[in-house]
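These are the structures in question, set out in turn.
Both complexes below contain subunit A, partnered by subunit B and then by subunit C.
Take a look at the complex of A and B:
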């Protein structure tokens, strides 16, 4: 049986190209930056930085630290500074669940911030330092 | 030797991500099959970025969290108020089986989101 690697056709250094930006930013891509793998290793990092909530109303201004673990066959993503969790069958689902949870928490606390007790006020202080409305 | 620039910690905002590929049917069989390979390219538009960012895009089998391919580069953004367009053209990427795949996008090791790709056989 042919391996996956045997099916890959490389076209040399031009396999990845950077298009000139229409805007002042620049993106540089090295000549041969693509690493194609014959085996498919699982890619579940122990931790990552979350820079997006996938919510057009909100943006993260200081990345959330997320610890990834596995429990009962599920992936668990924990925003350690907020003690909030996301669950899923894979990393993408767990992160999406966490993003939804954090966005809902932010919007709820933002609406109630005049009536927060000390515990929720501390959560709001952390949230409002890391997340801003767009 | 060029001095390594510090990575910016300002999370860019991913305005949009699109996967472009070529829709085609295997002429030898008239139908698709797995494993397959597909050329794909990824278009990104970012804003709220400022400074130097190492950029990484992982193409993964989402259901298995399996890394299939990775592209790494760098981005320099002078001003947070502008948007930046980037286009990554991948070589033919292996699709071992039907299922959900995706591109996961990182800047300065910050996960900015991604875009999903569903691979399935076309109904005859």
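Take a look at the complex of A and C:
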């Protein structure tokens, strides 16, 4: 049985030189050399909406606003309205850390909700409006 | 912020702690939970600005806490002035 490579036929010139020999004067060689990079620069969003905590006990019913920044070479994902953050070497790690931390925050404040000071009471009000137990 | 600086603040302020995947620390006053923060077990410096916000301190106040010129009673006064107690 013929291999795939054996069945594929390419048509047309395969090199600039071959094209130039077939159609003189038609090939324009760019004056600016093309630089190939090993990787593209990674674009990190300034903010995003978080819709899951990856925790089977909890579900988000209203997405959390997350602000992304860099501090000391680390990526920081901050849920500003909860005064909570996660961080890591890259965006994925920072978001995973934030998800775990927010779940932990929910469970701790739920357990302590009858004895929260005004600052954490405000956080709990926001948390309980946006996150529900499954 | 270095991990040992975080630990110094936790001790100076008399914060309660619980060791899980991270070290959770919270400040209680008269039976109420007032502020809460945590220290990751990971390597590298802790995010100074964000821990400062969680402790409801100014940048200078947190630096004073690290250098031990701000202790428990001073923190209580700061939190009281901010209406957090």
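Here is the rule we go by: the second predicted complex is superposed on the first by the 94 of 134 C-alpha atoms of A that agree within 3 Å, B and C clash if a C-alpha of one lies under 4 Å from a C-alpha of the other, contacts with A are read in each partner's own complex, and residues count from 1 in each chain.
Everything below uses one rule, namely that contacts are C-beta pairs under 8 Å (C-beta built on N, C-alpha and C of every residue); 3 or more make two chains touch, one makes a residue touch a chain.
All figures in this text were calculated on a predicted structure; none of them were measured in a lab.
In the superposition on chain A, A:92 makes contact with subunit B only, not with subunit C. Here subunit B and subunit C are compared by how many residues of subunit A each touches, and B touches more. Contact with subunit B, but none with subunit C, is seen for A:51 once the two complexes are overlaid on the shared chain.
In the overlay built on the shared chain, the residue A:43 is in contact with subunit B alone; subunit C does not reach it. When the shared chain is aligned, subunit C comes close enough to touch A:112, but subunit B does not. Subunit A has no residue lying at the interface with subunit B in one structure and with subunit C in the other. By the touch rule above, subunit A contacts subunit B in their complex via residues 4, 7-11, 15-19, 21-30, 33-37, 40-44, 48-52, 54, 59-63, 75, 89-92, 95, 134. Against subunit A, in their complex, subunit B makes its touches with residues 9-14, 35, 37, 46, 48-49, 55, 58, 60-79, 82-94, 96, 102, 104, 107-114, 116. Looking at the complex, you find that subunit A touches subunit C at residues 71-74, 76, 78, 83-85, 87-88, 97, 100-101, 104-105, 108, 112, 115-120.
For subunit C in complex with subunit A, the touching residues are 20-22, 24, 29, 31-36, 38, 40, 42, 44-45, 47-50, 53-54, 56, 83-85.
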